[in-house]
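In the two complexes that follow, chain A is the common piece, with chain B as its partner first and chain C second.
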Partner chain A sequence: MPMAFGIALAVSGLLLGLGIIGFAIRAVSDGFGAHGPWGYYAAIFSFIFMVTGAAPLAASIFRVTKSHWRRPLTRVSEMFSLIGIFNILLFIPLMFVLPAFRNPNLTPLAENELDLRRTIWFEVPIGANAPQWLDLLGIACLALCALVILWLSAVPDMAQARLRATGFRRSFYGVLAGHWHGTKSQWLNQKAGLALLGAFYFMLLVFMQFTISSDYAQSLIPGWKDSIFPVIYTLTGFQSSLGLMLVILFVLRRWGGYKGYIGISLFWSASKILLGLTLLWVYHMFAFGITYWYGRLEVEQNILKYLLFQSYGWLFLANLIFSFFLPFLTLLWNPVRRSDWGPALAGVFVLIGAFLFSWRIFVGAFNAGDVYNIGLEHVPAFVGPDLWDVLIVLGGLGGAVFIYLLGSRLIPMMCVWEIKEGAMYQHMGTFMRGRYLVLAKPE
Partner chain B sequence: MQEGRVLPAKEINRDLLRSILTTPNWYWVTVAVMAIIVLGAMSAAGLMINRGMGMTGLNRPVMWGFFIVNFVFWIGISHAGVMLSAILRLSKAEWRRPATRAAEVLTVFSLMTAVMMPLIHTGRPWRLVYWVYTLPFVPYDFARGIWPNIRSPLVWDPSAIFTYLTSSILFVMVALIPDMAVLRDRTTGIRHQAYALMAMGWQGTPRQWKLQIISGILLSALILPVFVSVHSIVSWDFGMAVAVKSWHSTIFAPYFVVGAVHSGVSAVVFVMILLRWIYGWENYIRHEHIDALGRLLIVVATGWFYFFVMEVIFGFYGREADEIAVREFQFTQPPWNLWFIFFTGLTYFLPVSLWLFKWTRRNLWIMSIACISVNIGMWLERFLIIVPGLAQKQMFTFTWYTYAPSAVEITIIGGTFAMVTLLMLLFSKVLPLIPLYDIKEGDMLKTEIKIGRATVPAVFRED
Partner chain C sequence: MAKRPILGLFEDANYAAEAGDALQEADVSQDDYDFLTDAPYPEGAFGEREERHHLYWFPFVGALVGLTAGILMTSMTQLAYPLVQGGKPILSLPPMAVITYESTMLSAIIFTILGIIFESRLPRPKMGLYDTRITEGYIGVLVNVEEDQLPKVSALLTQAGAVDVVLENPEPAAA
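Here is the complex of A and B:
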């Protein structure tokens, strides 16, 4: 084990421990009765779920679109499946803090109150806590599906590894590789399985991002009726997960000894997609902002003031700079896109942007006041973190990194069979007077 | 996936210029029929302008009907050009080559048709000048105290549409230059002079090719924001109106853009199938191209369906009585509920279920049915967004009203379809609908690669 890896593992483990302490103190001091104190907890859950939930999708999508440059990226992407379990654990406390469907303080003649909190679950008779359980079920299914994708993708590599490993690892790989012998039918089944599971994962992920963003953000701000918000949340997830993968690939290329496998073409191609996602992000934000701003309805103006211009105005500005301006100005230039550092730098920017987005939205939503009001009557103040919030946030980040690092000790970071397949499909050839890539198109 | 053989340049020229250099019998018959329909529509529009808007089915509170539905529809169709040409060019999709020109030309003609609809809808088109600007020499009736609202999205519309129209024409023209030179060298007399003028001295030197390629890439990148802005702004004609409950939705802009791409690409696929059939371009518009477009359409259609679901869910989410009333009107009251079922079935469920299988994507009849189905569905979508919202705009039920189009409106709408067909036919007589140089370039980049014992098709790519 390299020393840097050991240090990273120890630091992330330590942060996880601090996070657990922060969580325990928050639970003891505030309990689960009110949702306000759990804003930062929800924000870090949202950030980790958003980024790591969307990450395994990259492998599936680029496999379906037959993008050859994806090959070094697939395993880096699929490894995020392991964090799905952490997401489930992080979500459980949030189940208890979500305000009830029905207004507990409702009196028959109460003014400016709804009998029910606005929710995407409407008035279906599913019980007071049903959305929380449905959310948990969805997150668990998502994690399970991602793990199956990881396993299915890694089976050929594990079969290879079982021949070379010894001791515990040998039996571990042996069990997971099952009866894989690389027959034609096994390959066909594996590829069909990956495509089908990828499509299912995509649909489930988009649905879960819709439910989480609605249940734990939009429904907590009275009067916030915004059909584009789930789309923005999903886009932020796609953008930040691709950014994180580019950062990891940069680290692996520079210091992980994978320079021969992770080519510049990967950064070049992925950065164009990141640029596209960045533009889509700002377009959707603009569509939201202008519709609310132009409408001049008081309830919408208050929401704009709260989330965009006043209370969380500085956070929104920072969010805009990191999610749009900096990555856009970085990725605009072809020579920068064609480097390894440029896309990775843009990746760091969008990750910071996604964190600020979760902070702004979820802390804002958890502290917006009476959720049963028809609209925001006034603009609530910004809520800053206390020490326990800081520990919780650090612990969440540390926990995710810790699990990913542990996973990388057991599963190869490069998808060996895909890299081999890619090597067969492409070589350099002469065209006119230049040397160009010759790319096979077998299907 | 390369199914066609590599064709010699001479054969490509002969095949693709056939529509220009020879005239089949059916051509003038079709042109005449389309021209008659267009003339009929123009007469109907003239009659309507002469007699007044009472000739239409419009009445309070439904003051936007078939004309505006048709305007949004044709703006939507115009989105095919950029989607197929610019995006696929930037992403280096090889299968784009036979589709780009038809898509770009369809963009231009459908935009021109779309622009006419609000003009006709005004009833007195000459007064449109007041929407756009007020100049000292324009005899504006200031005494009435009615001022043009320059902050209205209705003013943003013409700016976006004319920018898009200008850039689309430029886009088509730049891509046409090498083909004009080919035509210049194969024609005589006045046609030769006209093509020579439009070819602008093209000799095919390396410098000219380099400039042409760079300008194509730059225009592709620059036209993308314009493309997105056009339908976004069209959507904001509705989205900014807080008085119509079902319209004030933040998702309208991307929902409209994706819907436009959905209908536009479907229209292009249908046009390609028609071209293959009428001009015998089987070697150029191959099953693999239609198959690839079918797969692209699954993604676009599913994206559109996602936005549609979001729009509907958040319509109910607010639990505002007047919005729920509109939704109930759309979903439960005949004939709107029937239209709604048709719309979702024709736009998503029928076509996507047909596109899911390779054999259906490669059957041109099935693909034609699926693509026509999408466009009927998308037309209905716009109708179901505009009319029920306006019909229930007022608070009081006694002011609710449903709309039925008049014969004049139906004739004018029919005329727009004939007009686009007519313009496409006339274009095909003058310029090639499949870019010659693009097909030749694609053929040059084709090669083969040996994997184990198999030889598979391959392409040269920039690393």
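Here is the complex of A and C:
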């Protein structure tokens, strides 16, 4: 095991341990009765779910669109499926901290109080936190779908390794590779299976991002009714997951010994998509802001002041800088975009931006006051983190990194069969006086 | 007489395709031979028959099951608690759609996973004839023939350019 890898594994494991301590102290000191103290926990869950949930989609989408440059990226993307299990574990405590749907202290004839707090679920009385269970079921199925995509994609590679590996890996590959021989029928079913599961993953992912952003953010801020916010949440997920993959690919290329596999064309192609997502992000943020700004109702003004201009104003400004201005200016500059470090740098920016986004929205939502109120009557104050919140946030990040690193010890970081397939379809050829890559497209 | 497998290994994919032609000319049924590769070759690259899969049925059936379950669950719940909320009808489609969509997706995904496992025949109890050189880029032509035809097929594969013809799996190396 390389020393840097060992250090990274140890540090992330240590952070995970600190996070568990922070979580335990938060649970003992505050319990699960009120949702306010769990704001930072929700924020880190949101960030990890948003980034890692969207990541496996990249492999599926670029495979379906037959983008040949994707080949070194697919396994890096699919490996995020492993963090799906961590997402399930992180989500479980959140099921119990949300306030009851029925208002327990409804005053007769109260004009500003709702009988039921706002929710996207049934309009009939809701008992036993059924929507939270449906959320959990959705997150679990999303993780299952992603893991099967990873398994299906890794089967040919594990089959290659099963007869040469030793010890635990030999048994592990032997069990997971089944009896893959690479027959025409197996390749055909694998291709169809990856396409189908990729499509279902996309359909379920956007649905879950919609429900999580609605149940754990929007519905907790009285009077916040916005159809654009779930789209912004999904877009931030797509943008930050692509950014994270570019960072990982840069590290693998520069220091991981994969320079021969990860060509510069991947960075060029992916950076254009990242630029497009960055522009889409700012467009949706503007659309959200301008709609509320024109609304001018007291509740709309208070929500804008709370999330954008006053309480979390500085965080919004930082969010805007990292999610839009810095990546936009980086990717706009051709010499930087055409390097391997430029898109990776933009990836770091959008990741920071996504973290600030989750912080602003979820900590804000969990501390917006009375969820049964008909609207936000005043502008709540900014809530900063305490020591346990810091540990929880670090632990969440450390846990995700720890699982990814552990997974990379078992599953090859390059999708070997896809790279071999790609090599069959391309060679350098001459046209007039120049040499160019000739690419075959069999379908 | 029981059929036995025989595996020809080819360094060059063109020779493997020629072996396929030779097998066809020798009246070996297309169902009795297959090409084993370490990467997916384009359809028809070896001149083999067109393979069809039935995987699409699994998510289709799964989605129907999930859709039906979702509609039944939401409508029966709303009928069991017939409370009018905000002047909306008892059976309101928008709130039903949320749960029905999720149940449809869940069921379709689970059926697809089952379909992939079933159609790929992955958890097989016994390892068939295989050679690790296939993972190094060799093309395997696996033929299932009557035992008395083995010498003829072996010669045919060799004539086509097989670098080796294998009849039994090698003993596994000690771990």
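In this section, the second predicted complex is superposed on the first by the 438 of 443 C-alpha atoms of A that agree within 3 Å, B and C clash if a C-alpha of one lies under 4 Å from a C-alpha of the other, contacts with A are read in each partner's own complex, and residues count from 1 in each chain.
Definition applied: a residue touches a chain if its C-beta (ideal position, glycine included) is under 8 Å from a C-beta of that chain, and two chains touch if they have at least 3 such contacts.
In this text the structure is predicted, and so the values were computed from the model without any measurement.
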{"item": "Which of chain B and chain C A:329 touches, first, second, both or neither", "value": "neither"}
{"item": "Contacts of A:156 with chain B and chain C, given as first, second, both or neither", "value": "second"}
{"item": "Partner chain in contact with A:427 - chain B first, chain C second, else both or neither", "value": "first"}
{"item": "Which superposed partner A:438 touches (first chain B, second chain C, both, neither)", "value": "first"}
{"item": "Which superposed partner A:92 touches (first chain B, second chain C, both, neither)", "value": "neither"}
{"item": "First, second, both or neither for A:287, with chain B first and chain C second", "value": "first"}
{"item": "Contacts of A:188 with chain B and chain C, given as first, second, both or neither", "value": "second"}
{"item": "Which of chain B and chain C A:120 touches, first, second, both or neither", "value": "both"}
{"item": "Touched partner set for A:295, first chain B, second chain C, both or neither", "value": "first"}
{"item": "Chain A positions touched by chain B in one structure and by chain C in the second", "value": "120, 122, 424, 442-443"}
{"item": "In the complex, chain A residues that touch chain B", "value": "114, 116, 118-120, 122, 206, 210, 225-231, 265, 272, 283-284, 287-288, 290-292, 294-297, 424-429, 431, 436-443"}
{"item": "Residue ranges of chain C touching chain A (in the complex, touch as defined)", "value": "34-43, 48, 51, 53, 55-56, 59, 74, 77-78, 81, 83, 85-86, 88, 92, 95, 98-99, 101-102, 105-106, 108-110, 112-113, 115-116, 119-124, 126-128, 130, 132, 134-135, 137, 140, 142, 172-173, 175"}
{"item": "Touching residues (chain side chain B, partner chain A) in the complex", "value": "1-2, 90-91, 94, 228, 232, 236, 239-240, 242, 248-254, 306-307, 310-311, 313-319, 445, 447, 449, 451-452, 454, 456-463"}
{"item": "Residues of chain A touching chain C in the complex", "value": "120-125, 134, 137-138, 141, 144-145, 148, 152, 155-156, 159-160, 163-164, 166-167, 170, 178-193, 196-197, 200, 203-204, 207, 211, 417-418, 420-421, 424, 442-443"}
